[in-house]
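Two complexes, one shared chain (chain A), two partners (chain B, chain C).
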Partner chain A sequence: MKNTNGNTILNSPPLEGRGAAVLNSSPLGRSGGAVSTQNACKLCSPLGASVAYKGFEGCVPLIHGSQGCATYIRRYLISHYKEPIDIASSNFTEDSTIFGGDRNFKIAAQNIINQYKPQIIGISTTCLSETIGDDITLFLHELKSEDFDGNVEFVVASTPSYQGTHIDGFHEAVAAVVRKFAKKGNTGNHINLFPGFISTEDIRLLKEIVADFGIETAILPDYSESLDNPVWDTYKRIPEGGTTMEEVERSGSAKASIEFGTVLNLGKLSGRVKNQNLTKTAAQYLEKEMDVPLVRLPMPIGITQTDRFFEELEKLTGKKTTEKYTKQRGRLVDAYVDAHKYVFGKKAVVYGEEDFVVGMCAFLDEIGIEIVLAASGGESGLLEKEILKHCPENGEKITVREGFDFESIREWSITNKPDILVGHSKGYYIARELEIPIVRVGFPIHDRIGGQRIKHLGYAGTQELFDKIVNTLIEYKQDSSPVGYKYM
Partner chain B sequence: MNQFLKDRETQIVTKGKQSAEIACEKKSLAGSVSQRACVFCGSRVVLYPIADALHVIHGPVGCASYTWDIRGALSSGPQLHRLSFTTDLKEKDVVFGGEKKLYHALSELIDKHQPKAAFVFSTCIIGVIGDDVEAVCRQVTREKGIDVIPVMSEGFNGTKKDGYKIACGALSRLVGTDDSYKPSKYSINILGDFNLAGELWILAEYYKKLGVELVSCMTGDGRVEQIRRAHKATLNVVQCSGSMVHLAKEMEEKYGIPFMKVSYFGIEDMSDALYEVARFFKDEEMMQNARELVREEISQLLPALQPYRQKLEGKKAAIYVGGAFKAISLVKALRLLGMKTVVVGSQTGNADDYKLLKELCDDGTIIVDDSNPNELSEFVKLTGANLFIGGVKERPIAHKLGLGFCDHNHERKEALAGYVGMMNFAKEVYASVTSPVWKFINSPT
Partner chain C sequence: MPNKKNYTNGLPDPSELKEEILKKYPRKVAKKRAKAMIVNDPSEGQEIMANVRTIPGIITQRGCTYAGCKGVVLGPTRDIINITHGPIGCGFYSWLTRRNQTKPAEGEDNYMPYAFSTDMQDENIVFGGEQKLKTAIREAFEIFKPSAISIFSTCPVGLIGDDVHAVAREMKAELGINIFGFSCEGYRGVSQSAGHHIANNGIFKHVVGNTDRERTGKFQVNLMGEYNIGGDAFEIERIFEECGITLLSTYSGNSTVESFAYSHTADLNMVMCHRSINYIAEMMEEKYGVPWIKVNFIGAESTAKSLRKLADYFGDDELKAKVEEVIEREMAKVKKVAEEVKPKVEGKLAMMFVGGSRAHHYQDLFKELGIRTVSAGYEFAHRDDYEGREVIPNIKIDADTRNIEDLEVTKDEEHFRDDLVTKKAKLEKEGYTFKDYQGMMPEMSKNALVVDDVNHWETEKLIEFYKPDIFCAGIKEKYVVQKYGVPLKQLHSYDYGGPYAAFGGAVNFYKEMERMLATNIWKLVDAPWKHEPEIVGSISIEA
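Here is the complex of A and B:
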């Protein structure tokens, strides 16, 4: 089997009998040692790649697979962002599956160009196209030598859903764009910021911070506009916004890259037999190939991690943090003090994608909440180590589970009785069954308005998050009180 | 309309301007951002509401994640259908085969959840990697003593509609396996209602008042046991013809059960459905019951609708839904509210559906098959629609353009069937069209 880069990705010897690999791929931690996944706590990689592609200006994502891949992913994203999200499909037929998807791929490319006039077509492969061995690089080569009408750049991310999760797809796509367009050059005064999969509001918060530091910053990817548009007069086939081509080109001559996340796509990855050399992040690529220094930080949730981010910005700019932010920080500390009793010792279950879980745990740990379970559908092999590193208060008490699904989280919670769930909206049913509150953070938020506008990062984001968590716990106590009360 | 893709032209007609028949039942055009899904989606939605069956998705994780608790199909008892089970194939499984993993997954899930039957959905790569899903299902059937039914729904293998057909095939493996049941004289199966927001319960109440026994519903609030004895009913009443007509035809051939197509949406279609069933059984008392029921419901409903109608008179609506039958009912229901349909289309309509739509609609109405966001937004602009009725994927298109939107998809929470459904529909249309928020849309910022 070959991936789109033409590298042979398999070299393990065949095991005895079909499906013998099953015993290796059952994650250790999953409750009851289950083989099946019940209510998965992860999504497939083309979803992450599509989100990342939406963050580059003029880019239309194309999923090379069956129609359903694109439609399901659109539906899933639309339910969170409440925005039109166009993702094209090469719409495999039985013929394409048998004879190869080249014809459909080329028709799709031409039709996207005719309809959308994009600058970039961001291609994600699928389990189907990778299994039948479609070589997109070859298709692109053929396409350009044929009667091809259009001025467009193609980017390819190898994202079969049997490798990793949506987060791997996300980082793969960002890296694919950077690998394709970044240009080495004389080091400038600008920086790159690779924030990972965060909310559109978080991206806006970050933009404000770097603008206030007066440092020119390319955020890669920047879907703060394209996935969170104001209302329109006329329909926009490709929403405005996104990291510009020029910014991506200049990423190769940046003074430094800041990358949020310490798990990223660097782990062993679930069931992945892939050549590890291919899975590095965009920032790593820039460091290795274009000598752009890399600063890697956990997501700046909470004071400790946000301080680190601001320290790096101070170092890079030579400027002091402005009063606006020292005051934000001061108010946040003040809030921590005012509310510490209401959160201290409360038991939380945190779940979601791995870097998000690490960041969220670091924050909860610093306010005195005891994380009892930190779980993710991802399987990097790095989660426990990272959580221990960033949770100095109660880190050792945390049960960390990779490759977990919601059924396992549910069963674990029934036994261990947490006070609160912190994670995306898919955990709601567990909170409901346990009659405990849930604070909705991260992605997806399918059962509320404004999931894309939830703030998590920086002092300002943490402030909102902190108030929400405290008030959720206070409200729960107030609602459960036999008398109710008017003062805390 | 030269901005549309050339190969799509035959799938768009304007009534009164083009006499040609609309082209439909075609594969979606690659790169067109179709609103359709795939074969798996078609099979999954049809079988989904069977609440005491285990639905296992064999493949990598995506297809299971995206369809977890996706339909508002309510159950009066078990909730097993609302969970998402998958073999979550990894690269190693793809290379060495997923049969063993499927076998272990099925065994553990059946032990844990004690379902009455299991459906195993094959997704895209299963056929390609050569898993013998049939064989695994046979083995588990033998070992666990319940029907484990393969649903060969590889996504690429046709359209969503082909997925419906495959789901009907899976159902027909259950139908006729329990001969012991003796239904009453007047008995029916409801096909193609999925009990979204409890709609089946509304219909069941109406049929009860007529004196008709409901043997099974496929698949709303579905139970394996009821499906097994569905062949004992005298008549199949089919809604959402796109999805269930295959099964109705098969049951007609195999068991001699005739079927009729109905719609439960809007006053006219709902009443017709009840009259048709009464007419079929040639029972005067039943017809009398139907007349009384209709009279009673309408005498309450019409005056209640009047205030809404006054506000909505002359407003224009665009409709884009999954099945064309639904679209036909919507055109009529909107007319009852004084509204005009200016755009109407579906993902999966056939030639007959579109012919009917063309007859029903006014001149100038745009009729479209398998549309996409670009076209739909253009149509809305061209026609000056005030309201869009569609599913999840159409909502942001409407909202972004500052247009009211009504959800007519499978995750809705308001029942739209029956007379009470018509009232809910009127309220929702009213709220969508007359909300004060629209005044901010075109105001200078």
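Here is the complex of A and C:
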């Protein structure tokens, strides 16, 4: 067996055996819509909510349910961010499933307060507590009327995983925080930026951009510090950083909100399917309830999408894009030209969460890579439309699949032979089997260092991403060449 | 780096530290935690509180019952399709996250790289998920034609009342393969330990004894509670093979359901991780008369001891000679590396909080390098794993324990090994001990602090007090501990390393310790207490 660099792998991987081979001749085309999920391409809602909560200053996430969910989710996040990530659980017992989780919830809340002295406890529900029908608002009411010790705010996001994915959980939590704390007021000169589930490095890139435009910006949520800490002198039980309470309050009086993502949690399977009257995203809420104008853009990956973001910033600030960025842009275009022949016509499979897939497709489409499959475990019902809209070159040729799992992606790839996979770590096994390269982007990256620091956004982020994709393709060609040229 | 802590005259009394830790808790919590923290005194039979529910809101290392049932016991078994019945998260998070290795022969089944889930949606929660589960089973069968399928229930399933056992029976009849379910909903027990028990019961009920097998070796054994993390089992298998011992089945590293099915034909069961697997060993003895002994293949000395015990059981001179030959040859290699490494790491301090046996077993490895364990505890063990099996009759049966079925096991007249019962009786008379797990505490130093289900707050305080040179735990603790400038070695997944079992494993581990303890990176971290004299117990707490 060869790995993606063409080197022979000595340790036999756990992938061999009939299990792997049989599917090639599977009588039941999975792409044809199997009912069960095999190697899912999505995660569950409280995970997304917990990431979002980590982006608000002084917030400790609490997952209301059995302890396994919190433990699993912590392990998943810690493996990606490589940071301490405390997420509490209300540790349900069998009794809680019968009599409700109020007792455990209250103990948990009290203990979090004692240990952490948080400003906010960010609660997300689980499949279990939602199925039981625990009413957390009621618990909170009771808790506060009992002898309750502590000065803390509670935020509740309803995040059953049988409705939607981790992305729904993420947006739900951000919306819950904003709904709770945003205050209407005289419109100021500041703006809100709702970036979606992006890397910590991406957040830092965005901060730099808005700072260079000289516009005061609240990024909601901002986990660029709290999930990517430097080494500490003394241990901090709640890591520093995060959008401050004041910033959240002032989000209601912002000049505008910029929201990245066009799928968000607006889709058919999101938790609010039963109550269409509820606003979905935080930015939508601010628009409807506090008259903060909303500008919704796809993730700014690639030149076209980043241009749109800069245009909006120019409009909002009345300032021109500085030379720093026009040069960044110029270098990126230059690189596109230089590397054109290495990427043009290459076939890629892109997978991950929906907005990310849309953004990534828009970028790959722009550089002439042919996207043969764009897949997500999400099922918004919006993915295809959005991809078509943002991929003007070859959009109509892209096969778009929602509700896809990795086995379906794998089967599809065996038939359609892509040159490269673009997505997170969980697709690695497909690349390995097909002996093609994978470029790791998005979340989760569990098999590399620095997954949280991968850049995707803006001209600078795109530049890195572009170089990485091109070099991966070149490296693959170089490795599989019999000569091994050191010059191209 | 000079070692600032001088514990040559014994470990300091950590009672004050314990008080400091407890002060922070509300009264009730403090009372409970006090019983889970023992200042060790091996000369006394001390009691620890273990296997009780984690207090809500306190960040625990523990996982859920489902995690123990699916992830630990059946996860590493390659020829069975494990379907998670539930919403997507539970199944996704248990997808190949433990680094169990497996080695299928050419053309053999291996379903370990797959995470099958029914991915329950709204309507399944409302109207029940049994139909979807059946479809999932049929799909899996259609595609893979496995010889066995198992179903794992997650929390919501128990609540909506899906009967996974009825579904399993129905599908078994329809498809003609072995299909069985587990009621291992996450909330059922205190930790993953409950899941181990449920898995043991299920495997015993539905698999063990299903097929017979002609004897293929003179000395047939099973290895239990070895999960082949980082290839541990491969190293143990190599040694067995060289000694001429036939390993029928391992529960459950590098394992197959096929081998579980005939594992009752072994002459002896060897138990590594007592916590996760003693149930099957016990039941197998009751039903088939196969006795079990406790072994440990972590640490070169322990490996030698376990091999000798094994040879003594069979009492065969040729086997004994072979075992001695292997030990001598392997030990020569081990000693060479130990001699190089030991002077560099001797006197260092270690702490380990992990698992249900590793926190004990790894102390042996550290001891071989002269590294002292100052504090240790398990994540999901019970009192017997701390205090020894003799306390089992005195363990209080609480609601959580009662929740898990204790299987009625009756003697299998046809397969019962009277010869082994006689052998056991004879050996016992000669002083040979069976079922002899003494637990962790009697082997630890006086004043070592034993902590069950350690949490974040306690970890912080422990590190401040002991300033260990190395901390062993899992990925969830890794970055907390490393923020203190203390290297953490993962003993769940081995940080991509291993094997650490048996002789070859010991060599790997010694080298790993040399690398971790001698690296210069940590000097850059400059933890605040690094330059202070020894802490004298006046740690202030912002209460």
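By definition in this document, the second predicted complex is superposed on the first by the 451 of 488 C-alpha atoms of A that agree within 3 Å, B and C clash if a C-alpha of one lies under 4 Å from a C-alpha of the other, contacts with A are read in each partner's own complex, and residues count from 1 in each chain.
Operating definition for what follows: a residue touches a chain if its C-beta (ideal position, glycine included) is under 8 Å from a C-beta of that chain, and two chains touch if they have at least 3 such contacts.
Here the structure is a predicted model, which is why all the values come from computation and not from measurement.
Asks: Answer with first, second, both or neither: which of chain B and chain C does A:65 touch in the superposed model?
Replies: Both partners, chain B and chain C.
Asks: After the superposition on A, what does A:346 contact: first (chain B), second (chain C), both or neither?
Replies: After superposing on A, A:346 lies clear of both chain B and chain C.
Asks: Considering only touches as defined above, state whether A:89 meets chain B (first), chain C (second), both or neither.
Replies: In the superposition, A:89 contacts both chain B and chain C.
Asks: Which partner does A:132 contact after superposing on A: first (chain B), second (chain C), both, neither?
Replies: In the superposition, A:132 touches chain B and chain C alike.
Asks: Which residues of chain A are in contact with chain B in one complex and with chain C in the other?
Replies: 12, 14-15, 17-20, 22, 34-40, 42-44, 46-47, 62, 65-69, 71-76, 78-79, 82-94, 96-97, 104-105, 107-112, 114-115, 126-128, 131-132, 160-163, 165, 229, 231-235, 237, 273, 377, 407, 426, 429
Asks: Would you tell me which residues of chain A are touching chain C in their complex?
Replies: So the residues of chain A touching chain C come out as 12, 14-20, 22-23, 26-28, 30, 34-40, 42-47, 62, 65-69, 71-76, 78-79, 82-97, 104-105, 107-112, 114-115, 126-128, 131-132, 160-163, 165, 229, 231-235, 237, 269, 273, 377, 407, 426, 429.
Asks: Give the list of chain B residues in touch with chain A in this complex.
Replies: Per the touch definition, chain B meets chain A at residues 5, 7, 27-41, 56, 59-69, 83-105, 108-109, 123-125, 127-129, 154-159, 373-374, 377-378, 381, 392-393, 395-397, 399-402, 441-442.
Asks: Once bound in the complex, which stretches of chain C touch chain A?
Replies: Going by the criterion above, the answer is residues 24-26, 29, 53-67, 78, 83, 86-97, 100-104, 107-122, 124-125, 132, 135-136, 139-140, 142-145, 154-156, 158-160, 185-188, 399-400, 403, 456-457, 460, 474-476, 478-480, 483-485, 524-528.
Asks: Can you check the complex and tell me which residues of chain A touch chain B?
Replies: 1, 9-10, 12, 14-15, 17-22, 24-25, 32, 34-40, 42-44, 46-47, 62, 65-76, 78-79, 81-94, 96-97, 104-105, 107-112, 114-115, 126-128, 131-132, 160-163, 165, 229, 231-235, 237, 270-274, 377, 407, 426, 429
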